[in-house]
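Pasting in a structure now, in structure tokens, and then I'll have a few things to ask.
The letters A, B and C name the chains in turn, as written, and every chain counts its residues from 1.
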Amino acid sequence: MTTSAFVEIKNAAKSFGKLQVLKDINLTVERGQIVAIIGPSGSGKSTLLRAINELDPLSSGEVWLEGVQINRHLPPRQYEKHVNQVRQDIGMVFQHFNLFPHLTVRGNITLAPRMLKGLSEAEANTLAEEQLTKVGLLEKIDEYPSRLSGGQKQRVAIARALAMKPKVMLFDEATSALDPELVEEVNLVMKQLAEEHMTMIIVTHEMDFAASVCDRVLFMDQGVVVEEGPPSVIFQNPVEERTRNFLRKHLERNGN
Amino acid sequence: MGLDFSVVPSYFGLLLQGMGLTIAITTGAGILSFFGGIVFAVAALYAPMIIRLPMRGFAFLFMGTPLLLQLFLIYFGLIQFGIDLPAFVAGVIGLGLHFAVYNSELIQASILAVDKGQYEGARTLGLSRSQTLRRIIIPQAVRAVIPPMGNNMIALLKDSALVSVIGVMELTLAAQQAISRTYRPFEFYLAVAFCYYIINLALEAGLRHVERRIKASR
Amino acid sequence: MDTDLILRVYPFFIEAAWVTIQLSILTTILGLTCGALGAAARMSRSWILRAIGATYVSIFRGTPALIQLFILYFGGPQIGIQLDAFEAGVIGLGVNIGAYMAETMRGAIESVDKGQREAARTLGMSRGQAMRKVILPQAMRLMIRPLGVNINALIKGTALVAAISVVELTYTAQRYIGSTYKPFEMFMLAGILYMIIIYVVGVVIAWLDRKARIT
């Protein structure tokens, strides 16, 4: 048990069948820190993120949230209750939004607070309006997701996650599925969250964004953390060869 | 013997009563087949093995044998158990269960086809497995198969004529009553066919309306 | 489970099953014929034929088969049609299932890639030639499984003739339920025989389907 570490991952390992995707990862995130995880596809970065809220539980290793360990070894029913409880404190935003198509935006945002935190309809509605105003989409509150653009859907998804007042927000390639002109509006919301000192772990391909927002950058490759440090170091003067290669290829591809 | 349709109007009252019962049976069995379908589907996918296996056998049996035979079984079988149900109830149960099984197959496939991301989105918010099923997965799965379930409803309406055989005074039996007094089968069965056709058209229009409303919210 | 009873009466059920099989075969043949005619009518260039086809399909799919059977068997004599129950069963059910098969066939034909039609016509074939040499052969392959579904429904539909006293499986089951008060045993006996018939037909359909795909 360490210090004021908000999220801590110790000796994380994960295999899918014979394929070992994570090999002994250690990660510590302080309260209010914003950490970016970059790396080629297959490096295990999404898997690591998804292990934090037990979406893809680790094969071995520990996950600690605010000094409490997520206990993977409970009997099934207790484990379920435990994990459901923990997940209320962790917000996640997906590459493909995963909004509920049969509910309006309002419905999407108020569902979990009403079901899990016992908010009344009025309280939930106020909460929804607050969160939507924050992401700049209040006027869409009674629309169905199918009527929204990609960027709008993702902002609603962020509002939905925020409505549960999480302690940490996980972003799994939140802008990778968006048309380029829609990326900025989502980045703005994320920047805003950063300014409000939300603890964030961001898996991303957007190096510029990572550089401008994050306190720390982790470069992962083939299941291990190759290098980590502040953006100024990682992006300007990476130590490791692999990091340099990855960044170079990325720059070539994006014509920066 | 020839045809003489003039006898039909004097039996309008009787036929109307029969129509009322046909609509009642169709509605009752329809509701049973809708909710029954959901229950069976969830059980078939998520219940423990000890329930799932007999269910598969039961579904297999109900889909592989004629509805009429099943109606006989339920009506006379229940009497054997000491439950003396009115034919109407046996008819609604028989029709309802029969179509519930068919609907269940549709719904099962649809549940399995719901995007995995929907589970993840819901579980990530902290919803339990059953909450996710109830509020996120099943609503979407059922919405997706309303059209084919609608077709089942239409089949149900037509099959409701079969409960006349176990003595329910719906449209078909009403016609038979009229025939027993006038000896004019052609005229009355034709009239009754017309009635079914009209109810069918109304049902189809209703279903199209429902389908359109569902499309609006997708 | 009264096994003695089952052993005593099963021969009657086997006999009745045979009647069911005969009904099924004859009805299928009639159904396929009506279906082909109906589909052709619905896709014809003449609007009269199209209207007739659409009306046929709409009426026979929009009213209960039982009523159609009753009109034919009980009402037939009034317009000069005297059929015995078996005949009425075959004709009534055959024409009924024909309406469903017409739609199945039409669906299969329309689902053949539009490009096929265009290619054939561009080569100079007439509409009829394109249909016969290019579209239909492909549609046949696509039809087999869905027609199998229709036939499946048909086999179960033969039970309706029990209502006009044809001694087939369901009639026999009902008769013995009435005299022995053992509905479950009689249901199982009839049910198993129906399922065997359906299973065998299913195997044949699957085989036909596989053969059609190899070419």
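Here is the rule we go by: contacts are C-beta pairs under 8 Å (C-beta built on N, C-alpha and C of every residue); 3 or more make two chains touch, one makes a residue touch a chain.
This is a predicted model, so every value here is computed, not measured.
Visitor: Touch graph of the chains shown: is it line, ring, star, complete or other?
Guide: Looks like a simple chain-to-chain line, open at both ends.
Visitor: If you average the Cα atoms of each chain, whose average lands nearest the overall Cα average?
Guide: Looking at where each chain's C-alpha mean falls, the closest to the middle is B.
Visitor: Distance-wise, how many Å sit between the C-alpha centres of chain A and chain B, to the nearest whole number?
Guide: For chain A versus chain B, the centre distance works out to 46 Å.
Visitor: Can you give the whole-Å distance between the Cα centres of chain B and chain C?
Guide: Computed value for the inter-centroid distance: 22 Å.
Visitor: Centroid of chain A to centroid of chain C, CA atoms only: how many Å?
Guide: About 57 Å, centre to centre.
Visitor: Quick one: which residues in chain C touch 2 or more of the other chains?
Guide: none
Visitor: Taking the touch rule as given, give the residues of chain A at its contact with chain B in the complex, in rising order.
Guide: Interface residues on the chain A side: 53, 55, 80-81, 84-85, 87-88, 90-92, 94, 96-102, 111-112, 115-116, 144, 146, 157, 160-161, 164.
Visitor: Which part of chain C faces chain B closely enough to touch in the complex?
Guide: Counting only chain C, the residues touching chain B are 59, 62-68, 70-71, 74-79, 156-160, 162-163, 169-170, 173-174, 177-178, 181-184, 187, 190-191, 194-195, 198.
Visitor: Could you list, by residue number, the parts of chain B that touch chain A in their complex?
Guide: So the residues of chain B touching chain A come out as 115, 117-118, 120-129, 131, 135-136, 139-140, 143, 217-218.
Visitor: Show which residues of chain B lie in contact with chain C when the two form their complex.
Guide: 1-3, 60-61, 64-70, 72-73, 76-77, 80, 158-162, 164-165, 172, 179, 184-187, 189-190, 192-193, 196-197, 200-201
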